[in-house]
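What follows is chain A paired twice: with chain B in the first complex and chain C in the second.
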Partner chain A sequence: MRIDTYAYSNRWRQVHPGEKGLFALFGLTASLLSKSPLLPFGIAAVMAATTILGAGIPWREYLRLALFPTLFLLWSCLALAVSFSGGEFYLVNIPALKATISLSRQGIGQAELALARSLGATLSLLFLALTTPMTEITGLLRSLGTPKLLIELMTIAYRQIFVFLEIAGQIRAAQEARLGYASVRIAMKSLAGLTGNILLRSLSRARQNHHGLLARGYDSELLFLSPRHTWSLRNLIAAVTIGTTLNVLALVIRP
Partner chain B sequence: MHIMEGFLPVAHAAAWGAVSTVCVGFGLRSIANSIKTKPELKMLLGVSTAFTFILSALKLPSLTGSCSHPTGTGLGAILFGPLAMAPVAAIVLLFQAVLLAHGGLTTLGANIFSMGVVGPLAGYGIYRLTRIIGLSTSLTIFLAASLADLATYITTATQLALAFPDPAGGFAASLIKFLGIFAVTQIPLAISEGLLTVLIYSFIQKHSSDELTSLGFNMNAEEERI
Partner chain C sequence: MTPSIIELQEVSFTYPGDIVALNTFSATFARGRRTAVLGRNGSGKTTLFSLLNGLQRPQKGAVLFGGEPIRYDRQGLLKLRQSVGMVFQDPDSQLFSACIYEDISFGPFNIGLPEAEVRTRVETALQQMRLTGLENRPTHSLSFGQKKRACIAGVLAMHPQVLVLDEPFAGLDPVMTAEFMTILDELHQGGTSLIIATHDLDLAYAWADDVIILQDGRLLAQGEALKLLVQPLVHAELGAAPIVAELSSALTLTGTGVYDKWYQPRTGAELVRAVLNQNRQENEQ
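Right, the complex of A and B next:
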């Protein structure tokens, strides 16, 4: 949960979440609208630069956080480039399945574009995730008219995650100290004990929370206060200008 | 299995988003109706959402050694019923995107549809069906959990094949390709999740079916679900 820690401690913590959200949203749409792989790589660079130089996330840490989704992405793009129905670049023949694995020119193009778009979009998302805490994203969603019930469930769940993470860590450490993950068979049993325990705890925790709410005059509605943020004209203009430029470029640039 | 941020073309992302919005809205309405008679349900679902998120953060020992994690869709559908799972999955997937950079905002709709709608419906359907046939509890739970996973994986492969049809063979060739490639990680995952869910279920039943019953779950008889 390193991302969450940075969301609370970065340099742009006090910036209005709407401004950061708008900037990330523009990055997302521009990445998706791009027709050539060049622009999304540019968007990725803009987003990485803003996150590292602007919000002050250490670059080593940023690379580490971006690495996992990128690897996952490469694996997915490999699936796009490969074709079983005969491409230009022949790779392997599997006689048992009567199939040939090959790379097709069009498939490679598709994979290249998907990789670029996805990278631009992922780094846009990472910008929002690293600069804005979940509670403020929830506040943003609330002001955008998300159903109240969904917001309430989100808030309850977000708080509980950290409670459970701590419990899960403790149980896991205790199990490991007793060689609970020594073999696959034992590991499955330990994991079932861990999950079963957390499930039971979560059920009784829910009951306790509900009683706690009732004791405090709960009237089937949870009320939240959002921290006050002021819109900054300068940030807003910057976000809209850069965002619109990227989107216009995405629509204009042809492969 | 998540589709990464920005992976789907605009039209597909928007279409899946619209479909999932309807499903989540439908789920929320049925939850809101149940809350009227059982007000403690809101807290229960909120806390269970956190549980599902934690579940998806655990590493599962997988047969091929690939890194995979349980999805909890089968277990959730059995405990809470399939309709409640769409909003729960929506929140879990949003948290995974924002807190773990796994999945994404533009592909949220497609992922909710595969993990929050198709998976739970398949799992719950199989659970009811095998109950009627009269298979043993362990087998019922195993089938429900692992087939919910498989349904999710097939849906994701279909979504990808629709978005990226094969240049020569079209949709069908592309679907076979995605099914084949992701089978390497997804089929072992489905089997291990099925086994894990059986173990979890028997653990809960052995240690505290009383507590569950007092909370409104009856592990032995038929119970009310959303």
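Right, the complex of A and C next:
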């Protein structure tokens, strides 16, 4: 839950979520609209720089968090570049399958663009995730008119994740204190017990939570107000200017 | 006798599976008073509380609020739940949002108050419960005591006439307990009727005006705290007597009268003061 910790403690915590959201959204659309891989790579760099230098997320942590999605993207884009029907760059021949594996020029171009776009988009979202707490993102989505049911689910699910983790941690600690993970066999048994126990506790907790809401007048709709944030004209202008420029560039630059 | 705010008349409540939690139970909660509900584990305290703001409906008997039987339709329940605020034992079952500001705004919003009024109430409740500055922290990073205070803030923001707290001191350290008592006293002074469930006899003796004692879902006794808690029948059921009361009577037997016509020490500190007072008076004579 490292992302969560940074979301609450970064330098831009008090910045209006709308401003950060706008910036991320512009980065996202510009990345996806771009027809040349150059711009999205640039956006990825801008997002990384803003997150590290602006919001003050330690660069090591940032790399760790960004590495996993990047590797994942690399692998998936590699698949785009590979061709079985004869490309320009010959790789291997597998006689048994009567297939040659090669890379095609067109495939490489596609893969490069796809990689750039997804990387730009991913780092834009990572910027938002690392600078803005979940409840504020939900609040933002809510003010943008996201369906109520979705917002309610996000609010409750997010809170319950932590309650759930705590319960699981408690049960696990109790088992461990009694050497429940001493051997693989015992560990399997303990794990089964843990799972069953969590299920039972979750059920009784769900009932308690429902009571908790009813007791304060819950009536089929989760009504609440989010804390108010003040817009900063300077940030807003910066976000809009950079964002619009990126999007215009995305539309203008030809491959 | 102060008029009653909540009254239970021969109430029975049975959980599915024939588990009888309350059995022809009758009791009265007085307006503006501090009532402690005592009883052993499983004696029905939590169940009783869930009847007080209409979370459960008794199979038999009636629950009266302000002299009128509770109406269990939508409007009736909404009105009741605004008047009777309920604070659960486990804060995690009450706090639904990771943001306590959002959580506290929930109750007042449900009553149908306009946004500006809700915001004022949230701010006031945050201040009242000494939570200002914490509203930007995620709920899961708060301490147990802070979560507990957030729960109370969420209920106070509805401006209830009665505040019902299920074992509010369980899991709190002595410092937090004392802080909590101060807050409860402020509320009591403001005219809120307080009802708490507890196992702690000493605490009930020190704090409560009235006590209600449950035994296996039945009413064992009801009355003024100072009179009732020293009765042998209470001692027999709860396995102890308030330590201050025991000490006081022991001291009286040895000739140090700490009881006065109108004064009876309720806490250790008060008892010590009474003894010192007594000594000084004897020396002066």
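In the analysis below, the second predicted complex is superposed on the first by the 222 of 255 C-alpha atoms of A that agree within 3 Å, B and C clash if a C-alpha of one lies under 4 Å from a C-alpha of the other, contacts with A are read in each partner's own complex, and residues count from 1 in each chain.
Just so we're on the same page, contacts are C-beta pairs under 8 Å (C-beta built on N, C-alpha and C of every residue); 3 or more make two chains touch, one makes a residue touch a chain.
Note that the structure is predicted; figures quoted are calculated from it, not measured.
**Q** By residue count, is chain A touched more by chain B or by chain C?
**A** B
**Q** Looking at the overlay, does A:P227 come into contact with chain B only (first), chain C only (second), both, or neither?
**A** second
**Q** Pick one for A:T241: touches chain B only (first), chain C only (second), both, or neither.
**A** neither
**Q** After the superposition on A, what does A:A215 contact: first (chain B), second (chain C), both or neither?
**A** second
**Q** Contact-wise, after the overlay, does A:T146 reach chain B, chain C, both or neither (first, second, both, neither)?
**A** neither
**Q** I'd like to know which partner A:D4 touches here: chain B for first, chain C for second, both or neither.
**A** After superposition on chain A, A:D4 lies in contact with both partners, chain B and chain C.
**Q** Looking at A:G107, would you say it contacts chain B, chain C, both, or neither? Reply first, second, both or neither.
**A** first
**Q** Touching A:M188 in the superposition: chain B (first), chain C (second), both, neither?
**A** Once the two structures are laid over each other on A, A:M188 reaches chain B alone.
**Q** So, does A:I198 touch the first partner chain B, the second partner chain C, both, or neither?
**A** first
**Q** By the touch definition at the top of the document, which applies to A:Q170: first (chain B), second (chain C), both, or neither?
**A** neither
**Q** Kindly list the residues of chain A that each of chain B and chain C touches, one partner per complex.
**A** The overlap between the chain B and chain C interfaces on chain A comprises residues 4, 134, 155-156, 158-159, 163, 205, 209, 213.
**Q** Where on chain C is chain A touching in the complex?
**A** The contact residues of chain C facing chain A are 50, 53, 55, 74, 77-78, 81-82, 85-86, 88, 90, 92-99, 101-103, 105-107, 109-111, 115, 118-119, 122, 135-141, 154-155, 158.
**Q** Which part of chain A faces chain B closely enough to touch in the complex?
**A** Counting only chain A, the residues touching chain B are 1, 3-4, 28, 31-33, 40, 65-66, 68-69, 72-73, 76, 78-80, 82-87, 104, 106-107, 110, 114, 117-122, 124-126, 128-129, 134, 137, 147, 149-150, 152-161, 163-165, 168, 184, 187-189, 191-196, 198-200, 202-207, 209-210, 213, 220.
**Q** Which bits of chain B are touching chain A when the two form their complex?
**A** Touching chain A from chain B are residues 3-7, 9-10, 13, 24-25, 28, 31-32, 35, 39-40, 42-51, 53-55, 57-58, 60-61, 70, 87-88, 90-92, 94-95, 97-102, 104-106, 160, 164, 166-169, 173, 176-178, 180-182, 192, 195-196, 199-200, 203-204, 207-208, 211-212, 215, 217.
**Q** Can you name the residues of chain A that touch chain C in the complex?
**A** On the chain A side, the touching residues are 4, 8, 13, 133-135, 139, 155-156, 158-159, 162-163, 166, 205, 208-209, 211-219, 222-228.
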